[in-house]
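Just so it is clear, A, B and C label the chains in written order, and each chain counts residues from 1 on its own.
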């Protein structure tokens, strides 16, 4: 290859170097760690090499299976509802009507709150004894519920909290996409006779398809990274009803001090996220789609 | 300020001016270390917050600077492990929850206190270690005895108790009186009182119940009085024994008759329920006494009575809380020892009481019995404090959180039969012990 | 014969009165071009007809039906946008058939109409392509195709050619004119380009500042502009205006610095009805000629001195940037392809084709 042919690679070298240092290296480290049985407070050199024993244990570990299942269910409900609500809200508030900008600001507030605070806020709202939710349910004659102490209610609570926090994210991305749509195309569809829902379904949504896919992808990755809110809200309980995979890893690593095993599970997590993201990218290919017209 | 102290200070002042001429012999035991800074890692809990006042007095008196790194107590262990496993650590004093002591010592992270107690220039002859409540000292400070964490001849002292505790029963005098109920002394009576309160529409007893170590802690409080244990003497788990099942059943009873949401209560929520008047009974750490007197936390000051931890087949209360010692990689070990000695001395213990903390000395409990209703109860309770109410082995974390924490959540959140749940947990516990090699001696002998 | 009718239509955006008052009628089957500078309200007018912009007052009738408050789809219109506004996620066939599919027409009818429109516009081989794979001209044709398949009562065009290059634009003009002949539909076409207006329109509507300045055939607006704005807007290069005054009493003349031109009898009669003596004269660049050219000796030709700054050679004629006195003018003079560059001197002007305007009101004196 001539110098000229190589030069593009030369120019992406810094980006590649940062990628390797920032992304590939930690993943390899996690994998490396998963081959050892290391405990915090001891020298890593003294940690016994255990080969793929952690992976073998993981494959048959019911707790890991349960956690993956919880995560998938959590992801399904949150992402489905968030996408639906986020898109619906964006469509409602897209028009520059009076007060829309105020609404928009209010809607994105949850996004600006640190996850730890979100966890605390909702923990107190859902609190069985002093929480507002039980208080107001009591006002309308509904028995107080132990929201975070019952497997189904706690799962509902984390789904609800996640929807509360992340719908604005979809909302903000979708509204940006909608506002960037050329108005003439939207007018063309009105002239072509599209009614309200045809207008949305056949014109607006297909045109922001790549944005929707990217939002979906980001949320999916986030679901597998979600940790702080559940950690504070339920700590994964009751039982493992709300122990998402990332929280499971955290608990294994720092509560029960099984760092090597936790690393093995995090390798599994990376594989799952990779497979799902890859699936979305292949199916949708949002990055290929250029803006046209 | 007593006369002795006054004299010492005067002497120190004179010695200070004479220092330019004197070359040997230090004027006071602290002077050699004046100006050094001792860094303490301890939890951000009421007792320790109160102790900061005492630290200031220490600095003023000795010239040794003190820096505190106070963390939420569940975060403490990671931080300390990380710091103590470095070549040169930043911490000179670490304050640990008693269950971590085995892990710290087995990883070689602590300095044996014998190194200091053999140094005549450091040890205050009036320190009187025998006055420190034995249950506290053994449970928090001694490592390597029987089973590695209990008292015994193979044990050695690594720390002194500070913020240590046992369990007592706190009750609402007004509510029991109103309902015409006697203060329970046995578990049978307690059970009945709880049922009656519940029937009267009053949430009976609060407890920790959150999945993980919280629910396990709640259960363990009842396991010891009911005669149960986690392991037999050969490290075989016995958490499916009739006693253990009975304790689990009692937890279910607590949840059914207690305030709403015990399934989600950690220590803070459980205490708050009692302190805010949403529960009539509290059976956990003695710290509830100090908290009930704190107007910022409590709405029930003056209405709370204290009694011994009820007995079932035997008397047995928890031993827990904190002890403090010196990391092996500390750079200021002698100064650190002086501070520990200062905090746990008779005068220091008394000052802690005055600042709103909890004492560790029998003499302090006796001397203040008139001021605090709970002190005579604690003094009476201490002989019953059971150092083996939970095993303090490195594997305990996993058993505590992953096995018992899960099983007991199932007990209190469902109506499933308890025995199968505990059987399953026992099997899991056995697998862990097997994995960690506890049965190799038994196998070897076969 | 209904056509499209705007009756007393007004439009205000907030406090800004964009269209103060408009009455306009388009005959059925007529090709009308609304022309004017940007911001004159022509697009707003079109969008109000389309139903994309609500009127602030007045009524709109299409085909005799009051559609003032009807949504676009109930107005039986088709529209072609400046940016083509094709659906990027549909192929050409999809774009063209969208309206029919929404209307729930049978599949074979849809296919049939798309095929016919595609043949008409020579798009048959592109039916499966996405808009992004087409050239600008092809996209433009798809946009037209989309309108054609609708077979709407009225076609609206919003500057549809302005994104095309000059050559393509003139081709498309012709195609549009042919299309109109074949479809015989009412077509309302908005542009800022007076050449498009002149070449395609049956009638031209000239707008400025929200007000209709003149409505008429291309010939009428060129030959007898109602006011100075229309005169200046129509015609290319645009008309020269010179500040002048009426002089003399019997033999009326217009005088200014560097010129003194007698009025034609027609204008003389007109000036008598006009009180002001302060006028502007309008001279179209193409009505200048050199002395001695054939047929220019008539008394209607007045001599006039031009100071030539630049003479541009453009083949059979030369284009002059010149001055009369100190007022700049342009002139386009036919001299044949072999002539030498023209120089300053005396030229002739056809006084019969001279326009007079009231300098204050801009109204034509005629």
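One rule holds in what follows: contacts are C-beta pairs under 8 Å (C-beta built on N, C-alpha and C of every residue); 3 or more make two chains touch, one makes a residue touch a chain.
Every value quoted in this text rests on a predicted model; they were computed, and no experiment measured them.
Visitor: By count of C-beta pairs in contact, what is the leading chain pair?
Guide: That would be the chain pair A-B.
Visitor: Where the centre of all protein Cα atoms falls, which chain's Cα centre is nearest to that point?
Guide: A
Visitor: Please compute the C-alpha centroid of subunit B, do the same for subunit C, then give the distance between them in whole Å.
Guide: 93
Visitor: Just give me the whole-number Å value for how far the CA centre of subunit A lies from that of subunit C.
Guide: 57
Visitor: Roughly how many whole angstrom separate the Cα centroids of subunit A and subunit B?
Guide: Roughly 39 Å separates the two chain centres.
Visitor: Enumerate the residues of subunit C that touch no fewer than two other chains.
Guide: Residues of subunit C never touch two or more of the other chains.
Visitor: List the residues on subunit A that touch subunit B in their complex, please.
Guide: These residues of subunit A touch subunit B: 39-43, 63, 127-130, 134, 144, 146-151, 234-240, 251, 254-258.
Visitor: Which positions of subunit B touch subunit A when the two form their complex?
Guide: Going through subunit B, the ones touching subunit A are 78, 81-82, 84-85, 103-104, 107, 109, 209-213, 259-264, 269, 273, 276, 278, 394, 397-398, 401-402, 406, 409-410, 413.
Visitor: Where on subunit C is subunit A touching in the complex?
Guide: My answer: residues 50-52, 71-73, 77-79, 81-89, 98-99, 102-103, 130-132, 146, 150.
Visitor: Give every residue of subunit A touching subunit C within the complex, in rising order.
Guide: 182, 184-185, 187-195, 198, 202-203, 206-207, 209, 290, 292-293
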